[in-house]
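In what comes next, chain A is part of two complexes: it sits with chain B in the first one and with chain C in the second one.
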Partner chain A sequence: MIQLAPGDAVFMFVGESGASPEFEAEIRKRLGLDKSVLEQLILYIKGVLTGDLGKSFVMNESVSKIIWDRAIPTIILMLSSIGFGTFFGIIIGVYAATKPYSLRDNISMIVALFLYSLPNFWLGQMLIIVFSVNWGILPVSGMESMILGEKNFMLDRLTHLLLPTITLGSTLGAFVMRFVRASMIEALGQDYIITAKSKGLSDRKIFFKHALKNALLPVITYIGLRLGYMLSGAVVIESVFGWPGLGLLMLDALFERDYPLIMGLFIVISLSVTIITFVVDILYTYLDPRIRLK
Partner chain B sequence: MNNSKLLKIENLRMYIDTYEGVVKAVDGVDLNINHGEIVGIVGESGSGKSLTSRTILKLLPEGGKIISGKIQFKNIDLLSLKEKELRNIRGSKISFIFQNPSTFLNPVLKIGDQIAENILLHQNIKKEKIQEIIINSLLDVGLRNPKNIIKSYPHQLSGGMQQRVMIAMAISCKPDLIIADECTTALDVTTQLQILDLLKKISKKTNTAILLITHNLAVVSYLCSKVYVMHNGKTIESADSKELFNNPKENYTKSLLNSSKQKINDKDEKKLNENTLIEINNINKEFILPGSKKLLRAVKNVSLKLSEGEIFGIAGESGSGKTTVANLLMGLTELSSGKIIFLDKEIYKFMKDDRKLFRKNIQMVFQDPYGSLNPRKTIGETLSLVFNIHFDLNQNDIKKKVLDLLKMVELSPPEMFFDRHPHELSGGQQQRVAIARAISTSPKLIITDEAVASLDMSIRAEILKLLKKINFETNVTMIMISHDLSILKNMCKRIAIMYLGEIVEIGNKNEIFNNPKHDYTKKLISATLEIPS
Partner chain C sequence: MTKKIINKVNNLILVTLVACFVISILTTGKVLASSKHGGALIIGVPGSQKNLNSAIYPKTFSGQLISINLFDGLLRVSKMGDGKLTPMLAKSWDVSSDGKTITLNLRDDVNWHDGKKFTSEDVKYGILNICRPHHPQGKNNYSIVDSIETPGPYKAIIKLSKSDATFLTKLDSKWCSMAPKHILEGQDIPNSNYNNAPIGTGPFKFVEWKKGNYILFERNKDYWAKASNGDQLPYLDKLYFKILPNKTSLVSSLEAGEIDFIHSYPGYLAGKEISRVNDADNGIKVHSFAYANMAFDFIYMNTKGKFTGNKKVRQALAHLINTDEIIDKVFAGVADNVRNKDQGFISWYTGEAPSKYFPYDVSKAEALLDSAGFKKDANGNRFKISIIHEQKNSNHPKVLDIMRSNLKAAGIELDVMKMDASAITEKVHKKMDYDMYITTIATGPDPDLLTKSWHSKNIGKGWNANSSGYNNKKIDDLLDKGRGELDPVKRKQMYVEAHQILAEDLPMLALYGTKWLWTYNEKLDGFPIGYTFRDGLETVNWNGDIPNNRK
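Here is the complex of A and B:
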């Protein structure tokens, strides 16, 4: 599929000025591009099944090693975004659900609508303009700065992490907000809430002990499902913020027609989404006693 | 027994603001309860009995407002209390037991935690001692093995056990008053009796007053010393239990009593011909339980023979296999072994040869009428569909047939019902439509599966009358499946009692009621509560 797209790896290799046909042919052979697409595919699948994702054209290093090195920043970004989005999503969602159709509910829902309608890359750029360019309190891009570097390692990383996290997490947060609200309102209409009230529990206890635990169950599945979207969002966010993760790597690989790297990234990303979904399902059985495995 | 006043309600009114206007849910209730007394409120659904009980502790529905009235509990004026002060009374001085324990218990919290919550909130007790108190209250409500129950979740217990847990929760703080809202309605008859006896025992032992809310007059007569009758949000009559049943004053009370007794004329009992319609020969049905390799034998060696025009009853508790038998007869699940012969043909062969004819001849009426009607189709469309499938008629003839059907099930004027949607009809009317659908193909056999279980007493009596009339006029054979022996007693000539998948006793109803042979039948009959007449 990628090979159908215009552009050629060899052309990227030799550069604008061009090279002699013999040299081009030699490179083609070295990269394995002289064989037919089908042959290449069969060879590649053989490699994948034995755990070998091939070698990057451009970086001349094994694809698995490259991906592994760049995965950690992405994992950090994902985790912090999920944490950020879930935390604020739940808090605001619960807050909105305490009084459905009230002022606070309407405002929260308008904010949510606004947040998930905003394109990620635009929000990212706006945040950069405000916090980094105008106020100059947060770094513009990257993961570490040259000057602060070693001294304030944690602080440095955190300040770099802040803006991408907000950007990527806000969409998730907006979805979680709406989901938690709907789920809470449903839980609050259940019979066991009347039981809890008849016991004389305070509203706060009813909310957090009886309703929230039930309401969070579908939210967890939902967040698991959103991870796929978030990974694709990470591609954009990482390029906006120059975050050295898988997303940026993918973008570079695409521009350079680095076929093995692109394929490797696709495989690793789809595999991890599958695994995460599976883990969420397992997690669910621990949280909901009704479907606990025997 | 201390005979002083515990709760006194005067002229209570609670209205609910809804989009469609004000609903006068509670509209003039007067009520007195003494210490240690068991008092009943009876009324049909929508009479405001549950809302009255919740208004006592200001557990109001959304939009609910107390308009007037006075509620005196001991020396406290409950309506003047602030929310925080009310919370101190809820669960400690006055506690609730609700109808459906499976939805009223929180599914994700352990039983022990749910009971402990109540105790921790109202009593100053160290955490170590709590376990002991919980275990004792679970033992008090007759649950064996309380240590395991504390650690389980609600879904791991049976309905009866869940209701016992609810009661344990309610008595854990030694309240003065327990409000039991339809607390046995969702339970089997034998379990119902156990729970009622338990309430009686608790009330006697601890001098706790109980306010029992129910639509079931038999339950009231069994348990209560004093009864209030509610209708349209008002208490219209109150009397000592015996007095009320022997000498009701209000017309509404009289009609309620009459319909509850479900007396149906036996005079028009017709003679049955001897033609066998359906013969069930030693059928078995086994299921493999999901998640384990265990085999569940839902139906064991059941044999039956029904004559044309007979009304036959199958009684049993939930899980006894009665519905599985119905599904097997309908050909909805496959037999594990045995044979069913319907109209001289083996049913699977019948279905294979002529599925249309088979379906035309066996029809079913289900428990939940709303769930069995397509909500998007008008009544006319639903009923016409049957004629489109089974008969070759033009549109005008079909409409005429449908109107005839509606007339037959006493929905008048039929033209009006023709264009209505199911949600515009009451439960009783919906069930009439479901019956009309069942008889529209002029079947040979109609199976009713708990067809009146979800209906109010007065409507229930009307539907049963209608079924009897249809049986009389069309000579259709009926199999009535019910957990309620009193219904079958009035409707059927022969009854089979099912227990754990087997027919333990079968025979003429008089024989079964007067001289039950099997132990289970005896138990079932003694657990069936009746209104004294």
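Here is the complex of A and C:
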């Protein structure tokens, strides 16, 4: 399928100054592109079954090593974005649900609507213009300062992480906000909440201990489903912020027709989403006694 | 008595000063260290890099910019685009009268970054075993090398099978930077780890490459070259190449002070952005450079195409494009209009414009189209034609917007198609399945470079080859003779004649001469601003004012 796209991987070795046909033929042979697509596919599948994802055409390194090296920045960005989105989503969602249809609820929901309507790349660019170019208080791109000087290592990493996290986490946060609000309103109308109120429990205890725990179940389902979208969102965010993760790697690999790397990335990302969905399913059994495995 | 005491004190002061000077020299060992030395430079480079071994794989402009700092060539083609050659690892050379023997006298004070001596064996090995088989242009450039003799460690004699007026330029590091025999002999070159962590003789040494993030080089303290004022080169202690994903990040990072320099390559700043960057009070300035129209944006016309196959249509299209409007609206004046003098685009070499040219004139275009048989229908339309452009160049979509309205005036509809370089190679340069294609190309420093684009033997032979499908035996003959002719007067006459024919046939149409931009922090000094990418950054310095975050 990838090879049906217009273009030729050999170009990446020839470069903009061109090459002789003999040189191109040699490169084609070296990369194994002189074989039929079916032969290439069979050889690739054989490799994958033995745990070998092949060697990148362009980077001349094992695909597994390249993916592993670049997965760490993406994992950091994903975790921080999920943490950011979930934390603020829950706080504002609960806050809005405490007084449905009040001013605070309406404002919260308008903010949520605004955040998930915004294209991520645009939000990222705006944040860069305001915080980095105009105010100069946060870095434009990358994961770390190359010359650390007197800066603190951890603080430097955190400042680099902040804008990509806000950009990637804002959409998730907006959805979580709406989910938590709806679930909380539903939970707060349940009989056990009335019982809790009649027992004289404080509002805080009722909201966070009784209502929220039950309201979180659909939120966890949603976050689990959302991870796949977040990985695709990471491609855009990483290219806006120059974050050296899997998203940027995927973009480079596509433009360079690096077939083994593209295939490797597809396999690893698909497997990750499947595993995460499975883990979320398992997590339910701990959170909801009604669906505990026997 | 008092005078004697004063004299004694003066002598004592003098002796003390001389002693201090001698001690300072002995302790530092650096007579040549000046206030310009020190500090780091952060350079923004677009896109990830693949390989740092310029001897086998330069690929992109930014790749050349990075790797050139690690390597030297035997000689260097002048950055001023005048075709002059300056000594590098070869301190002098001699060409025999028949042009078939080239004797190179090498420097004897050059070390590889691992401390080993650079010798003529490295020259022989580099050309025959690395550049010829592994550089994409190696077979074209060095197939005429019969043998290389090494009568001494610092003398190499290259024997050619036939004379080639351009051969010396092929010893520039763009085509063949020297490679260490003692490290590479016996290695599988394309798969060697050396390509990711090379050892050269250049002004900087490789330190670290964090993929997708940055590449770090440090100063080569034993570099052989000195500045014109005697300072030891290079000036900078460290070079960081920060990998940035796109042009927007490059410019934002520069404006925020995260990087200090964006090297020249076309299209990263559009015309109006240049004045915006220059007007902002952040110490960043854009320097534009154009030399003798040697880099053009031009249009390939498919001479086998349904419409562009007709010479009159090609000439009509040339008449229809309003280059002044393009330069004004897209480039805010930062480009040269070359339409009246350079339809065949080698006036910079021939010194004269061709007698036939096709400036902006809609009525002449309409007359040519009518006589070619493409008359307007009842709705005022003639035909629909397509043009391809590469997605990386941010100026071309705007240029084509103007061109679309220019062509519409004569009833021609322009269909604009955006593609990546790989797809363009396939569609334009190999299959020639297109009408027109707009691109940027360097046309010098020797006109022979364009043999690739005009000679019929190069039809369908890949990137920027003869992708117009232009086939003219007279042109083939002139180009072949031009390459072999060693007499510069006779040689120039051949290209003048070729230029006349090409300007009328228009297999390619030069639109405007692009200016190359060097954008950097104004505190920096010593940039090798010029047309080529063959100069390293050894002369760049902070001019004694190193910012705290670059120390």
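The rule is short, and it goes like this: the second predicted complex is superposed on the first by the 291 of 294 C-alpha atoms of A that agree within 3 Å, B and C clash if a C-alpha of one lies under 4 Å from a C-alpha of the other, contacts with A are read in each partner's own complex, and residues count from 1 in each chain.
Here is the rule we go by: a residue touches a chain if its C-beta (ideal position, glycine included) is under 8 Å from a C-beta of that chain, and two chains touch if they have at least 3 such contacts.
Model, not experiment: these values are computed from the prediction.
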Clash or fit (per the criteria above) of chain B with chain C on chain A: fit
Contacts of A:220 with chain B and chain C, given as first, second, both or neither: neither
Touching partner for A:267 - first (chain B), second (chain C), both, neither: neither
Which of chain B and chain C A:236 touches, first, second, both or neither: neither
Chain A residues touched - chain C or chain B, whichever exceeds: C
First, second, both or neither for A:249, with chain B first and chain C second: second
Geometry of the superposed three-chain model: angle at chain A (Cα centres of chain B and chain C, steps of 10 degrees): 160
Touching partner for A:195 - first (chain B), second (chain C), both, neither: first
Partner chain(s) touched by A:289 [first = chain B, second = chain C, both, neither]: first
A:280 touches, of chain B and chain C: first, second, both or neither? neither
Minimum Cα separation, chain C to chain B, after superposition on A (Å): 47
Overlap of chain C and chain B interfaces on chain A (superposed complexes): none
Residues of chain B defined as touching chain A within the complex: 54, 57, 59, 86-92, 95-96, 98, 100, 103-109, 117-118, 121-122, 153, 155, 166, 169, 291-292
Parts of chain C lying in touch with chain A, wherever the complex brings them together: 40, 42, 47-48, 50-51, 57-61, 63, 136-140, 190-191, 195-196, 210-214, 216, 240, 242-246, 248-249, 252-253, 255-258, 419-423, 425-427, 430, 452, 461-465, 548-551
In the complex with chain C, residue positions of chain A that touch it: 5-9, 11-24, 30, 58-60, 66, 69-70, 125, 128-129, 132-133, 136, 139-144, 146-147, 149, 238-242, 244-245, 248-249, 251-252, 255-257
Contacting residues of chain A [partner chain B, same complex]: 190-192, 194-202, 209-210, 213-214, 217, 287-290, 294
